[in-house]
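Across the two complexes that follow, chain A remains constant while its partner is chain B and subsequently chain C.
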Partner chain A sequence: MQTDTRAPEKGTATTGTRKQPKSGGVLNVFSHGFLALWAIMIIVPLAWVVMTAFKSDDEIFTDPLGLPSQWHWENFTRAWEKAGIGDYFLNTVLVVGGGVALTMLLGSMAAYVLARYEFRLNKFFYLMFVAGMMFPVFLALVPLYFIVDNLGLLGTHFGLILVYTAYSLPFTVFFLAAFFKTLPHGVAEAAMIDGAGHYRLFFQVMMPMARSGLVSVAIFNIIGQWNQFLLPQVLMPGEGNNLLADGIASVAVSQRYDPDFSGLMASMVIAMIPAFVAYVIFQRQIQAGLTAGAIK
Partner chain B sequence: MKQRKGLFITSFLVLPVALYAIMVISPFLQAFYYSMTNWTGTNPNYKFVGLDNFKRLFTNELYSVYLIPALKHNAFLLIAMPVIVIALALFFAFMLNVGGRSRGSRIRGVGGSKFYKIVFFFPQVLSVTVVGVLWGAIFRSDEYGFLNSILALVGIPTKPSGWLSDPDIVLLLVMLVMIWSSVGFYLVYFSAAMSSIPTEIYEASMLDGASRVQTFFKVTLPLLFESVQTAWIYLGIIALDAFALVFVMTPEQGGPNHSSEVLGGVMYHYFSSSKAAVACAVGVVLFFFTLTLVMVSLRATRRERVEY
Partner chain C sequence: MATVTYQGASRIYPGTEKPAVDKLDLEIQDGEFLVLVGPSGCGKSTSLRMLAGLEDVDEGSILIDDKDVSNLPPKARDIAMVFQNYALYPHMTVYENMAFALKLRKTPKSEIDARVKEAAELLQLEDYLKRKPKALSGGQRQRVAMGRAIVRQPQVFLMDEPLSNLDAKLRVQTRSQIASLQKRLGVTTVYVTHDQVEAMTMGHRVAVMLDGLLQQCDTPRALYETPKNVFVAGFMGSPAMNIKTVPLTAEGAKFGDVTIPLTREQVEAAGVGDAKTVTVGIRPEHCKLGEHGIPIEVELVEELGSDAFVYGHAQLGNENGAERFVVRAGSGLLPQLGETVFVQPEVGKEHVFHAETGDRI
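Now for the complex of A and B:
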């Protein structure tokens, strides 16, 4: 890795000193080559997973790089039914759907009040939420397990939804508060003069105006919660209770005593499809949203 | 009206704050307390033992065989991983945004920038376990592994002790996967920051005859300093985790023979073997590790902001 990064820099140093307007040629070959290499490093493994998912276990060994001679769709049915990916998938849809909806509702309520109303403790609550972005979830994990257990919510979808929501609040409040601050005050004042109360102002004026920000944060939360591993791994004990990310992990671990390589690859494809589709559709918003959240 | 406003604020804050306090704040605080008890996690009776857990973790051989390698590995990841990711991401971002100058006087990226940005970013939306299983399958030590099957095609036999079963390189492979999945995000992140630098600055440096290397080190890098600093902290936090990848990719989940042990894995080990208090103590060690990282990097990189 390290040698790879240095090579192009050396190349630029020699071309740079020549100070010819066309000296970029050598550099372009280098940088294009390196850019292309990195792209290959991303595309080839993913394409290999998809190809392998359609092959028989025999063919994986005899022809690892070629297209499948026969498309074995039954790998997917096996993964969906026998490996339990179908259940994991539905569990994930349920938890992430509930989690993102609740996160957006509670997050935008808190962010709105913190961004646009002055009151004592405003700064305190804001910092309390934002500080959560800095601490490793690991530290909270063990006590969290027992809190959820004591509430009788261990291994339940509802419990996991509450936990996902709580751990998504820091980023959501941080991003949405910044967004609500940018909305014009004139519209809010006009609505108040027209007799709208605080609640109507929020639900009928501010929420529609904040749509683009809400969409970005919602996409971010969908990706984040969809891919969550640690929390379901610990908080959803028991057979068939897994979500996709930790379900894939347990399918992979079970490979050690019950190998079904093509089935594992088919499970991977099933787990990747929603992320891939969401990414292709919302590519622009995802990139804009993620980076806007990180740039102050 | 004033009262209504107060009621409105309270009604909007009470649920999010309560949920956050119960699920996030209180477990964080409890972890510190439990780390100083002999709580098993299952037995309701426990007592305060002071710093015993910490002493044991560092000095008792049964415990330190986990903790010490984990500390070393996380420290290694913490130093090496962010440097490589930031260097690669900066290089790519520079090429994709201002690297294509030789084709005309306008400042722009090399050809195909958009395509590269979309592809490079994609691993970021994959679940860390999917990434781990994917690379675990590539580096598998038997004949099913992608690398081994390629090597077998050209006639190099597979080694049962190769790749992830090799204690010397297993941690490097985990780091490689971390780099693979995070470069794209920081590329896009730095690109956003680069595009807010006015093009006149680049044009001026070009007129002065600066090469692309000079432009990068004398213009781009200083103006991106704050973004690099933020990236450093976030990558540091990722480097201190690494648990999911180690859990999915490596043999014995941290092996072979503790050669890819990380703090998160040690914590998980104690949590699942009824030593909840020890697990909390590992969490506290991790917390101070993180805190030190944030403090040091903020201190070490403090400097005046360049306004433009």
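Now for the complex of A and C:
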């Protein structure tokens, strides 16, 4: 009798322990399946653009889904030189470089002060920044145009850099203020006792400690500003000083008269490369930044 | 080298009425090791942070070497501080951590190097100079924090519970290291702790605080032998003193059927304000177990090897009913649980306090 009752108990116990990882496995299969689907949805169009960029215009229509029979690298040189993507690219690098640098400098300083110093209206300023995140840029377009025009900065790189900075500051301040709040107070106090003034404390102690957060926001800003379309479209009127996104748009518009689809695709690939490279290089920091607050 | 003087220094946190530190008057001699001790929230850390310049001095002033530093920023005070969580710079190596303050003061490179190497040797950190703090153990981090203070060669060392994150064994070891280091360097040191054993063993003098008020500041032995009030009496010494409030008679204090004799002056002082009771403190180590005395029902016997402590309840004939009583017993024959033993306090070793004010008589 005893052995009889024991045996099934043992059996259920083992199946029970076996079941647990299995149920987690089901969830894993589901979530991984979803992620795989998502990845396919992102990767397939991207891969198609890259492949099409290497085809000749005829081949695009005869064999739209196949691999290119010949790798037409000249599509890229043609896009870079003839379609003016080279100029657009340099313009964009200049504006995004300036915009991100200024955003990070001002944003980190503002966030640090709002997070670590107590003063009147601290909360007010913080909320003003946060409110800026909710403000749709479309509503600001017309007044923004007149302001930039009045400043005499319409169609200049510097004008666009200022606008980009203002546009990126709310999220930067919001994110970094939360990040600076998580940094230990003791270290700042130690630095003050060691003889650091406010500036040195910020640049030599707090900023290096906030590195992962700064890198994450910088990546977000690089990608966000790199992909800007509407702001340069409005604030950079005239030929020749276009940025990438609206430059490619104008290439697309001219397709109606003088089709060059492979050149268009090559332009898009060129435009995608920097954002892609930034992701690959800083992948680790992006993850670290996103989870940093949770661990501490 | 410097003296430190608190002159009626108070700190009132914004939004509160009760001061965290209330008119603290304290003079610390040149080269002295002063320990601030008290339960959490007593204002000891705040007092230290006021001296460091990390908290405002709302009233009164603080002097370092007769110079009023109350309104100076931390960097102008020439002090070095060791924090409870060490507060090392995580992105700098051990060497850079120690050199940071000197670099800010534009000390020549060769001198920085010499000083850091010297401190590293003193603290046995030579092998770790190139490591970052996260690659160090707790004890090593603690030593880096000490090293960072030492290389400064400051006028005053401030230490805010620097041992509380170490395990028990390392804490005892580091305790003696810090004390001997301080003796060797001869730098005035203010040390904050909540651990009365640390306070007793390390300090030249110990300042006991409660609720923002300084209770008593004296040598460890004086605190132990003549505590100024009931709080100090109960705080210093382990296990804590037996402090009981019992009926007062013309002969002395009545512990049930046993009377502890008091002098006439003591009886008179205890009776001030029509008090019918008196508070008497008896340290566990100043008792003997004998044939007669205060009867105690044994509840717990703590055997420590060299000593044993007997915990029990005694009927003291006051309205509190049975009260807890601790006695040190020799390592000989120990009483059994539930047994009744008799305690004889050593004559002349009792501490007498006024029942209402709590002040020593």
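To be clear about the criterion, the second predicted complex is superposed on the first by the 241 of 296 C-alpha atoms of A that agree within 3 Å, B and C clash if a C-alpha of one lies under 4 Å from a C-alpha of the other, contacts with A are read in each partner's own complex, and residues count from 1 in each chain.
Basically, a contact is a pair of C-beta atoms (placed from the backbone, for glycine too) under 8 Å apart; a residue touches a chain by one contact, two chains touch by 3 or more.
No experiment lies behind these values; they were computed from the predicted model shown.
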>> On the A-aligned overlay, A:73 touches which partner chain: chain B = first, chain C = second, or both, or neither?
In response: neither
> On chain A, which partner's contacts cover more residues, chain B's or chain C's?
Replying inline: B
>> Applying the document's definition of touch, where does A:203 land relative to chain B and chain C: first, second, both, or neither?
In response: neither
> Looking at the overlay, what does A:190 touch: chain B (first), chain C (second), both, or neither?
Replying inline: second
> In the superposed arrangement, does A:158 touch chain B (first), chain C (second), both or neither?
Replying inline: neither
> After lining up the shared chain so the two structures overlap, which partner does A:279 touch, if you call chain B first and chain C second: first, second, both or neither?
Replying inline: first
>> Contact-wise, after the overlay, does A:211 reach chain B, chain C, both or neither (first, second, both, neither)?
In response: second
>> By the touch definition at the top of the document, which applies to A:140: first (chain B), second (chain C), both, or neither?
In response: first
> Of the residues on chain A, which ones does chain B touch that chain C also touches?
Replying inline: 197
> Which residues, counting only chain A, touch chain C once they are in their complex?
Replying inline: 184, 186-187, 189-197, 200, 205, 208-209, 211
> Where on chain C is chain A touching in the complex?
Replying inline: 52-54, 73-75, 79-81, 83-91, 100-101, 104-105, 148, 152
>> Which residues of chain A touch chain B once you look at their complex with the stated criterion?
In response: 1-2, 5, 8-9, 12-13, 15-17, 19, 21-25, 27-28, 31-32, 34-35, 38-39, 41-43, 45-46, 48-49, 52, 60-61, 64-65, 106-107, 109-110, 112-114, 117, 119, 125, 128-129, 132, 134-136, 138-147, 162-163, 165-167, 169-170, 173, 197-199, 202, 223, 226-227, 229-230, 234, 244-246, 248-249, 252-253, 261, 264-265, 268, 271-272, 275-276, 278-279, 283, 286-288, 290-292, 294-296
> If you look only at chain B, which of its residues touch chain A in the complex?
Replying inline: 4-6, 8-9, 12-13, 15-17, 19-20, 22-28, 30-31, 34, 41, 84, 87-88, 91-92, 95-96, 99-102, 110-112, 115-130, 132-138, 143-144, 146, 149-150, 153, 176, 179-180, 183-185, 188-189, 191-193, 209, 211-214, 226-227, 230, 234, 237, 240-241, 243-244, 247-248, 263-264, 267, 271, 276, 279-280, 283-284, 286-287, 290, 294
